[in-house]
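Each in structure tokens, the structures are laid out below.
In what comes next, chain A is part of two complexes: it sits with chain B in the first one and with chain C in the second one.
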Partner chain A sequence: MDSFWSVLFSTDFAFSVLRVTTPILLAALGALISNKAGIVNIGMEGTMLVGALTGVIVSAYTGSAWIGLLGAVMSGITLSAILAYFTLKIKTHIILGGIAINMFASGGTVFILYLVSGDKGTSTSLQSKVLPNLHIPLVQDIPVLGPILSGHNVLTYISLLAVAGVYYMLKRTPLGLQIRSVGENPQAAQSVGISVAKIQCIALLLSGFFASLGGAFMSMGYLSLFTRDMTAGRGWIAIAAEALGGGSTIGTFIASLIFGATNAMANALQILKIPSELIATFPYVATVVGLLVYAMIESKRKKRKKGI
Partner chain B sequence: MRQNVLEMRNITKVYPNGVTANRNVDFSLREGEIHALAGENGAGKSTLMKILFGMEPPSDGEIMLRGEQMRFQTPQDAIAKGIGMVHQHFMLVPSFSVAENMVLGMEPKKGFSVNYEEAVRMTQALSEKYQLAVDPRAKVESLSVGMKQKVEILKALLRGAKILILDEPTAVLTPQETDELFKQLLVLKQEGHTIVFISHKLKEVKAICDRITIMRSGTSAGVFDMADVTEQEISRLMVGRDVVLKYDKVESFYGPPVLEVKELNYVNALDKKALNNIRLSIRAGEIVGIAGVEGNGQAELVRALTGGLGGRVKGSAKVNGSEIAGLDMRSIRELGISYVPEDRMSQGAAKEESISDNIISTRYRSKDWNKGLFLKGKSIVRLAEKLIEEFKVRCSGPAQPIGMLSGGNMQKVIVARECSTDPILLIAEQPTRGVDVGAAQLVHQKLLEMRSQNCAILLISADLNEIMELSDTLYVMYGGELVASFDKPSEVTEEELGLYMLGLKKQQGDHTGRGVASDAQVL
Partner chain C sequence: MLKYFDAIRTLISIAIALVIAFLIITLVSDQPLETIRIFLTGPLSTTAQIGNVIEMAIPLMFTGLSVVLLFRSGLFNLGAEGLFYISGVVAAIIAIYASMNGFIHPVVAILAGSTVGALLSAIPGIMKAKWNAEVLVTSLMFNSILSGIGLYILNYHLRDAAAFANVSYKFQETARLANLIPGTRIHTGLILVLACIVATHYFMYHTRWGYELRMTGSNRAFAEFSGIKTGRVIITVHLIAGFLAGMGGSVEVLGMYTRFQWSDLPGYGLDGALVALLAKNNPLSVVGAALFLAYIRIGADQMSIMSDVPAELISIIQAIIILLISAEQFLKMWKNRQLLKEAEKLG
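Coming up: the complex of A and B.
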């Protein structure tokens, strides 16, 4: 048991929480934006996966991790644009569109991976690049905090900056105001000349942007290659984190950290003599427990409101 | 005479389903007046205003604003030309502050941000100018209905509205809030704004408006200076029958009372007495009609009798001696009560399902129609075919989804379902609303047939023709109360009925004792 606690209270563990949180947080911020606009993008998982593969392929062919990242982002935005076209323009159901994206991504990435690398499992034969880790001067010398906060992948820092950025965007900018009004009362938004479809389209594109950043982190930071279905449900966990966060930016951040921590715990505890199958269920059990707690708080809050 | 700021000429609106909502309507506004637009539900007021506000294109006619011809495609076009509308259902975002709602879609900016302080300042300035006191920083969801309405008016003014359309603004207000609104409207008028006041509350119209346009059955029944017209005259023009239907009604021999309602009370979520001491009885073989302008408690009465209000309703409603207040619909139906709901699309039918499934939906539990696990398919189809023939439903067969039928044919199926279970009490709520003449006549004849088979019938209708011709006893409902009862409804004049419906007159005393019209006293 001593080793259990020593694992959890090490700076290595705290470092890995931030690392593992990154893809969940990025995708959760994307889910937050689209949900705020009243349009649930359940294609996050697929968008992440496509972003992960595109990043690997583009970086391998251009020799630049940054161009690879750009490619990943473009693929995520393109996929969301297709979803937006189907949902907002020709009015198919958003859930069907999301399912289609997830299924397409799951099969399509393996197919393309095979075409490009001749391998159906991993992209080891591609010379793909990795986004750099940043060692922050001064910060890295602080005891305890330094090793936790410094030395992360550039996308981890971007994800933390994005929390502030999304918070500001939703709270303070005209776009944020319009996104929230469209989600809360579309008729009211429409009555003052806001195009509901346009705002929802922008929100979907932003959600695709963030999902693909999360995907790119998986294959160009977390790992240095693409493997089939490597996102392993993180897109879904992100949607759960957004819900658990109660639709607020800060809440989404905290919920993502919680899911990140359970993920990190599953990784860290593998060195102990606990069956690895059991440990691997941690993040998913945490998701279910999290949603249960959220639902209970929510229903209590509603009851109290009714009582007044 | 002041100049006409707006003229709508010869406006006609025919909806794609063939319903004519406006027929050659002329409507004009003088600069700086408060103009009442009065009429019963379905008289075409809302359609006319939707056309003016760019929400519906007119089928014919023209709109002249300050001598210039307009063609509004969207509300934005109308707003750009200085027309604002305050809808009955507020167009506000609940979690936003007042100031945020005010500037939504036209946010003042500071860098990338919304300049919130500027929004607050704009709200404050406007609120002071028009004496519409609101707290710019308060969240809209915490405001009272009256406050929300002020925000809506300010929103329209901020967008430069010179002509303001208020759609039944007092329907949701308390009397005190109404008084306050009137003061504010007079301030707006002094500032040179022109106001359209949609209402069917005559006292209010009389109190505040300069002129009135009265709508009836999609046409304009006249424009008057308020000083030249009495409430009685307005009522007569608003309430009336266009074509008088006649049915051969056989003398009925009433049986014992089937439905007995005593001291039924219900206070709604807005703390209004939606049902106030309702007493009512219906005998076997009797049609009791309830007339009234919508929103005066008829819907609540029906819901109280069909399980829709649950335990929140106080008092007693007995059918053949068993209490039904507080029961759910299934238990109520099992006592032999049938119900034709007002809204056939959402309540009356399952649109995607077949005609036969819809017919069986109220009785599939009976052993006649199922054998344990499975339904008796053949008998069900036979029943559906029989009813389709009997009610002359135009369809391709029992398997056709009911949603594909026209409104009239859909209603025939619903009435067929409700009448074919041999009910002892039939509650029919607006049974012929929006259906064609043929279907309406068939429904009427069926109701009379049910009556001669000793069924007790409660008929709620805003259609005077229907209710005056079919009812054996007629009540008028106003403000949650039964304010009048008549034993010979077909001999009552429409003028008389209009006075009760619009709250200008009320009978004294106890109405359950089948009061006679001569008891009436003018208040």
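Coming up: the complex of A and C.
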């Protein structure tokens, strides 16, 4: 038990929470934006996977991690653009469209990996690059906080900045206002001259952007190569985090941190002989409970309204 | 022509997906024509291959039928995936640890798996019926939860340390499903699934219950207004759909394997959504849709064994089919033009 607590209260643990939260948080912010526009993108897992693979391939061929990141982001946006074209233009059901993205990604990435590297499992034969870790001057010298906050991958800092950026975008900018109004009442938004399809398209592209950043972190930061199905459900955890966060930026951030912490805790909990398979289900159980409580409160409120 | 619009659109979607697949093969393969030939005719080459197609169609029919029921009642539930898996685990437990005679053993194992599937499926159903909790998200969460629990049971309670891979102890011989056609692995599960399909068809179109289900699916508020207890319909549909998905998982495990060996979700649940889509949510069409899907998969497997194109090409084909078939506006222009023509003829 003592060793459990000492693991939990170490700076290493706090550092790893931020590290494992990064991909979840990035994808969750993407899910948040598209949900705010009233469009549920369940293709996050697939978009992350495609982003992860593209980052590795492009960085290997160009020799630059940054161009690799650009390639990853372009692939995520392209995939979302295809989804947007099908769902907004020729009216494919958005959920089925998301399933299609995930199906394409799970097999398609292996297909492409095999063509490029001759291997179906990992990209070890590709000389792919890794995005740099940043050591922040001054901050890194602060005791306790320094080792926790400094030395992370650049995408970890981007994910934290993105929380502020998305919060500001949704709350304070005209685009954010349009996204929220389209999501809450598309007819009303249409009647004041907002193009619903255009706003939903932008929201989908943004969700693809953030999901592919999360994917790029997996293969160019968290690990330094691509492996088959390497996102391992993080896209679904991101959707769970968004749902548990109640559709708010701060809520999504906190839920992502909690899920990141459980993920990081899995090792510490194994000291207590709690199987990691069961710990892995925690985010989903928490989300189901959260949704249930939310739905109960909501239906009670509706009933009360009817009573009056 | 217009009467067959849906069928034509489905065929055109499949054709486009196949053409794109051929293009990719041409780009990738050294012998494109030979590769395409293997892909298209491989599944018919031997009795064993034809058997493979039918074996693979069995679980697809189960999950497809399960998803048809849910989609038809207007519920976007993708939980068949997790239910299929966990029910397979339950059936495996009984196949390993219980001792019964040859006929009773698989029956008990399948019933146990199906019942667990039904009960677990009811949870998102009750949440939807009582508090209107979004069934899509809860069912997706349940997939991941059941995957973790199933893996835990496999690793901690069923795992055979003497085996080389991450697999369970061997099932008892009495638990395995009987073979139906010698020379293939087709098992009695085929009869079971066909019976389920016919029964579902009957219930959906010839009983009051089926009428209520379809009404709830087309407009829940209106159905409620006309006196249908939609909450009860939703829970019943979830129970039956979960039962079917669970039966599929149990049958697959007992019919095809001697040990439980899925260390991840096997994917048949989401494939069920594709089957339902191809079948236009019609129970009887599930047979053809599942056979088609199984056929192109076995073709892709053959292709990857005998040529230089990997089998994962199939997931690209599937993604394109899903995008096109579920697209409401796809070929609408053509339909409208046909409508105009017919109107001109009349007027």
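To be clear about the criterion, the second predicted complex is superposed on the first by the 266 of 308 C-alpha atoms of A that agree within 3 Å, B and C clash if a C-alpha of one lies under 4 Å from a C-alpha of the other, contacts with A are read in each partner's own complex, and residues count from 1 in each chain.
The criterion applied here is as follows: a residue touches a chain if its C-beta (ideal position, glycine included) is under 8 Å from a C-beta of that chain, and two chains touch if they have at least 3 such contacts.
Note that the coordinates shown come from a computational prediction; the quantities given were computed from them, not determined experimentally.
Participant: Check the residue A:F111 against both partner chains and state whether it touches chain B (first), chain C (second), both, or neither.
Facilitator: Second partner only.
Participant: Going by the touch definition up top, name the partner, chain B or chain C, that contacts more of chain A.
Facilitator: C
Participant: Could you look at A:F4 and tell me whether it touches chain B, chain C, both or neither (first, second, both, neither)?
Facilitator: The answer is neither, since A:F4 touches no partner chain.
Participant: First (chain B), second (chain C), both or neither: which does A:E277 touch?
Facilitator: second
Participant: Is A:I99 touching the first partner chain B, the second partner chain C, both, or neither of them?
Facilitator: After superposition on chain A, A:I99 lies in contact with chain C alone.
Participant: Can you list the chain B residues touching chain A in their complex?
Facilitator: 75-76, 79, 87, 89-96, 100-101, 104-107, 109, 112-114, 116, 155, 159
Participant: Mind pulling up the chain C residues that touch chain A in the complex?
Facilitator: Residue list for chain C touching chain A: 28, 76, 78, 127, 130-134, 136-138, 140-142, 144-145, 147-149, 151-152, 155-156, 270, 273-274, 277, 310, 312-316, 318-320, 322-324, 326-330.
Participant: Looking at the complex, which residues from chain A come into contact with chain B?
Facilitator: Per the stated touch rule, the residues are 168, 172-174, 177-178, 180-181, 184-185, 187-189, 191-194.
Participant: Name, in rising order, each residue of chain A that touches chain C in their complex.
Facilitator: 40, 42, 82, 86, 89-93, 95-97, 99-104, 106-108, 110-111, 114-115, 120, 233, 236, 239-240, 243, 275, 277-278, 280-281, 283-285, 287-288, 291-292, 294-296, 298-299
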